[in-house]
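One structure is given here, and the rest of the page talks about it.
Naming follows writing order (A, B, C, D, E and F), and every chain is counted from residue 1.
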Amino acid sequence: MLVVSAHAGDFVWRAGGAIASHVLAGGAAHVVCLSFGERGESASQWLEGKLLEEIKSIRRAEAQAAADALGAGIEFLDQGDYPLRESEAAIAALVEVMRRTQPDVVLTHPLSDPYNGDHPAAARMALEARVQAQAIGVPFADGRVPTKDEIIGAPPVFFFEPHQPEVSGFKPEVLLDITPGWERKRAAMESLPAQRHMWSYYTDLAIRRGVQLRRNAGPNLGLPVEVKAEAFMRYYPQVTDVLD
Amino acid sequence: MLVVSAHAGDFVWRAGGAIASHVLAGGAAHVVCLSFGERGESASQWLEGKLLEEIKSIRRAEAQAAADALGAGIEFLDQGDYPLRESEAAIAALVEVMRRTQPDVVLTHPLSDPYNGDHPAAARMALEARVQAQAIGVPFADGRVPTKDEIIGAPPVFFFEPHQPEVSGFKPEVLLDITPGWERKRAAMESLPAQRHMWSYYTDLAIRRGVQLRRNAGPNLGLPVEVKAEAFMRYYPQVTDVLD
Amino acid sequence: MLVVSAHAGDFVWRAGGAIASHVLAGGAAHVVCLSFGERGESASQWLEGKLLEEIKSIRRAEAQAAADALGAGIEFLDQGDYPLRESEAAIAALVEVMRRTQPDVVLTHPLSDPYNGDHPAAARMALEARVQAQAIGVPFADGRVPTKDEIIGAPPVFFFEPHQPEVSGFKPEVLLDITPGWERKRAAMESLPAQRHMWSYYTDLAIRRGVQLRRNAGPNLGLPVEVKAEAFMRYYPQVTDVLD
Amino acid sequence: MLVVSAHAGDFVWRAGGAIASHVLAGGAAHVVCLSFGERGESASQWLEGKLLEEIKSIRRAEAQAAADALGAGIEFLDQGDYPLRESEAAIAALVEVMRRTQPDVVLTHPLSDPYNGDHPAAARMALEARVQAQAIGVPFADGRVPTKDEIIGAPPVFFFEPHQPEVSGFKPEVLLDITPGWERKRAAMESLPAQRHMWSYYTDLAIRRGVQLRRNAGPNLGLPVEVKAEAFMRYYPQVTDVLD
Amino acid sequence: MLVVSAHAGDFVWRAGGAIASHVLAGGAAHVVCLSFGERGESASQWLEGKLLEEIKSIRRAEAQAAADALGAGIEFLDQGDYPLRESEAAIAALVEVMRRTQPDVVLTHPLSDPYNGDHPAAARMALEARVQAQAIGVPFADGRVPTKDEIIGAPPVFFFEPHQPEVSGFKPEVLLDITPGWERKRAAMESLPAQRHMWSYYTDLAIRRGVQLRRNAGPNLGLPVEVKAEAFMRYYPQVTDVLD
Amino acid sequence: MLVVSAHAGDFVWRAGGAIASHVLAGGAAHVVCLSFGERGESASQWLEGKLLEEIKSIRRAEAQAAADALGAGIEFLDQGDYPLRESEAAIAALVEVMRRTQPDVVLTHPLSDPYNGDHPAAARMALEARVQAQAIGVPFADGRVPTKDEIIGAPPVFFFEPHQPEVSGFKPEVLLDITPGWERKRAAMESLPAQRHMWSYYTDLAIRRGVQLRRNAGPNLGLPVEVKAEAFMRYYPQVTDVLD
């Protein structure tokens, strides 16, 4: 599982449960942070008069701790935020990560977010990199042509939930049961002390999505009262051999 | 698996592969035909001067043979077509079928079809019956209140592909591999001799959807050259504990 | 050309130019008014204390005069308005009209109008009648089965412009040059004295759509300064052998 | 303010804050319940073996208590639920209520809800009644023609939030600050003991919509930490003389 | 009120009434023109053989006169048109303007216009600048970090009406009464002599939108016969404490 | 007729029938290939170890042969693929082509394709070039201002069908009868030996669209059994003086 995150904290709030549950089920997860969220999501630190490099360093350490809590690997591409701009360099770096990690599934932001243009920019780069990484004719950044084993297949892409879902055109197409990974997600959120007000917000959201999961999964009788869930959209059709 | 079909032949062309594959995997499938398609889909028989009851009888026998070929049970509600009208009686009959068969999944037509209003009417009744069948406060047609064991859960609903998908707003959200059930589907289609021109049309469609399935499933290298597939839409979010 | 109109005046404001231009080009046009607009579009007459039958008679005479001005035939089904309800009887009457007139093209209201539910109801009935009229298995109201020559083909359907287009989801997909028929349309509008305030409103609209027609038709240089136009949507794909 | 509710409890969960805040600001609010939710939203009472009339009576008393807590008037049309069917009688009753109460604003359910067809049915009837109530040509149920003072204007219509907003196509177009009325809403919710699990669900939702309200209202600095809000959609364009 | 306009004349045709009414009500309005419309909207001057700088100078003077007529301030960023390209420099300039003017409301073009890509480009830059201007971590172009007082809040954004609204996906969500400012708008339009044919076009549009405003505002009885209006869309949810 | 194609083969599969039919009817057609598809659509050649320039040369020869088979002119802009990036240079080249060829109609890719970002990039450039080519104020790449005769009008734009239409939001708005040009299209497809598996795929598609064409064109009785068709979307409203 590869997670492409615009800022250092995004993967925790929006996909932490999916990551932890995947890891607990024996899978491997890797997170790529395109930026540290150093300008757009670090207001309290700027208000304290901290400097850019200091803030980046703090955010990096927090994200590393959160990834550790989830059991995922993490790397930082340091492409800047507010704005995060699409660039050939960032896309080439993502192509390289994808060919190296050979993901079975890719998670990223959805393509629309009226509150933060960095999120769709990250998604566009992740999607473009995924297409380029499949093509044997697209070389690495150093010009080397990939071998047949280095190109990737066509991993499904899931968009995680933005902060204001309806206004961003987000519709929960997949409700994922994250009960197994919930404690790790909570721990990962608590690795981000500057955003303490988000802890309860995203706990409530997990409960809310859990209620909807139970509603869509059949009668409530006999089920645990509280399921935690995360919501996702699919970018490509689901491929399956069973309808369920 | 419960399949709600407006006319006698619809379930064959649009969901025959899903039914046969489900049965071959050990599941049970039951088809409900709301009408025989006696007025709207039997032009050649009217041109030959056949009478209404005669035509209904022919269509019924064909549909029975097709269901047999797929390995599914079938029943006919004889609600009339062109137009098939929503009615309390038909909905109550569907509630009764659902409570009797306790389906894990429901298949029906999508909610829009500019070429045939019977299809959306069937879908609306299937959806309404599914909601009513869940409610312990909704009695059977004879006034009896259901027991806790008679009401149904919340089975997922899949819409099968209409004849002109794009114009009907149909988007393949799920590509189902029907290769295992394909031979049975072909046999079932051949049980419908009056629509012989549809045999190749729906064979081509199965190939086309199969090509798309392979495109969305990863690299083609090493896979069978020809996969057969059927396309579906979901009406409710998918509930899962794995992203794939 | 067959025009299905919910109320007595609708066909004049929304399609009068199309009708007149068609007639002037040698075609025949026939209008069916499902109601007289006696309750919902005759406020001034109710305020004057007129009675229902009186109002219906006034609206009928006005509509007849307007149809005469356009050069079209007209008939009235008197199905009531506010609300105009879908009914088997009204649909059967429309099937009969369609089989009798064998239209090459059908014009009616669009399927959405938040200000007036009679308009979508008229459209739904026109669409359903058109589908039923094609089927040899659908009998006339008296039970007689149609002959091969009595059923209709698949005439294209155009939706004319509602009073508040954007709010009704109306998008001008076809801009029709009605300059040839404009004088007749103006005369027909002037046959409706109770709605005098609409004369300039729909004249301005014809100019506005004309400006858009010129904008979409190429450079303005050398064209007449003022083209009159009406806007339509298509319900079915255009069939053609030339792209233009 | 007129609130048209499909079932006895709907107006509390979805619009209780709007109602209470309106009343506290000096306005009058009136609720019309089309049914008691006796079949579809009273599962626990059916499981206890209660009878239909008993359940209706319980739900009526609860709804009355909730309306009292909010400071609103209430009446019950007893049109049945699961299904609530559109009928001339129910629409005529709503026309009568509208002409009697002369509302400045109408609140009701949105037009789509895949989980409960009664909600859209209530909305369609409210919308149709609102249009009919404006027309001087539409008589009362007893045939009497209304006077000029009895017809209504064109009050704006707001749709309140369904239980699963995104899947129902609900987008928060208006975020209403209900902090003033929050305590009354909480008290009204506590008048509905059978749905105790909803108390915290809708409290969390009010907080969540409050967070979004603050996010859309400008910088958080200096504002109360917790604002409560309800979300609405508009059916018609906003009319205003100030852009804010 | 801050108005971000792609070309020199856009703000007059599309938002002149909003600007003038705002100013007459005691507010301040400031217009930023990203270009002069020197290439794409000055055909007659090119046909007369004028040179680029000459045309820019003419358009600038006209726009200045129009802003004067409306009572608004104006500045020109001279970023070129046909195409107007998004650039870091233009966005930084807009950030600076926003922090300087601290707008309560921002007006700009909508995000789609099949006839003119400069309009969406201006909108995208306005939206991005608005988000950046809120962030204390985003420095000014000279690298200086803003103070807490220099960053802006979250002013609502309104999109004004494009030339061909329906084809551009424009839906009038807000109808603004501009009757108070109408004379100033007319005077401002008359400051743009090269586009004399637009004077009547936009006068007609103001009448048309006014008719719709009256239709959505309640009964026409007793209101002035002619209200002038402009239509807008919202980009973010409305925040309010009253439903009206 | 001008066809703007992202890669060397696109115009054959998607618009070969339109091109050939246009040429056979006496028209002229010109194809512009923005790239050769050298990286993204030449997997087999990369697997054989061919080099970039070699592959470009092969693809160029194939495309030339296909254009010859169709009877169209062709030129290559060699802008690179995977990714094809929008650039001022490519747009200026397209402006020059449009002013030189003065097309009556422009064909290109649709604006959305989740499988290949080069296609929408080509479409965006074609659309922007078409708008710029109309403006007398937009100079040629060498700075020369065009004469009145060199600028173009407003040719209609048609989008051809992408490989996975529904997932790309493609809806067949125009069904074009390509039976006259079919043999030439088949021959052109056979000029592309590396994509032999596409021959039958696009033959089946032509049959499928042909079945839909017949369904939308009226009764099948008496028509040829097999019509070939291609599907298109319109970007601008149709301008016409006849509704058909």
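Note that in this section contacts are C-beta pairs under 8 Å (C-beta built on N, C-alpha and C of every residue); 3 or more make two chains touch, one makes a residue touch a chain.
A quick note: this is a predicted structure, and the numbers were derived from the prediction, not measured.
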Could you name all chains that are in contact with chain C and with chain E at the same time? D, F
Between chain B and chain D, two copies of one chain sequence, what rotation angle (nearest 5 degrees) aligns their Cα atoms? 120
Same or different for chain D and chain E, where same means more than half of the interface numbers show up on both copies? same
Name the pair in B-D, B-F or C-E that forms the same interface as A-F; by residue number, over half of the contact pairs must coincide. B-D
Cα-centroid distance, chain A relative to chain B, in whole angstrom: 37
Distance between chain centroids, defined by C-alpha means - chain D, chain F (Å): 53
Hey, what residues on chain D touch two or more of the other chains? 115, 148, 167, 172, 212, 215, 236-237
If two chains touch, include that pair; go through all of them. A-B, A-D, A-E, A-F, B-C, B-D, B-F, C-D, C-E, C-F, D-E, E-F
Chain E residues within the chain D interface of the complex: 1, 18, 21-22, 25, 104-105, 107, 134, 148, 151, 153-156, 158, 172-177, 180, 212-213, 215-219, 221, 231-232, 234, 236-244
Taking the complex as given, what residues does chain C use to touch chain E? 115, 163-167, 170-172, 201, 204-205, 207-208, 211-212, 215
Would you pull the chain B residues touching chain D in the complex into a rising list? 91, 127-128, 131-132, 135-138, 145, 148, 235-237
What residues of chain F sit close enough to touch chain A in their complex? 38-40, 42-43, 46-47, 55, 82-83, 114-117, 167
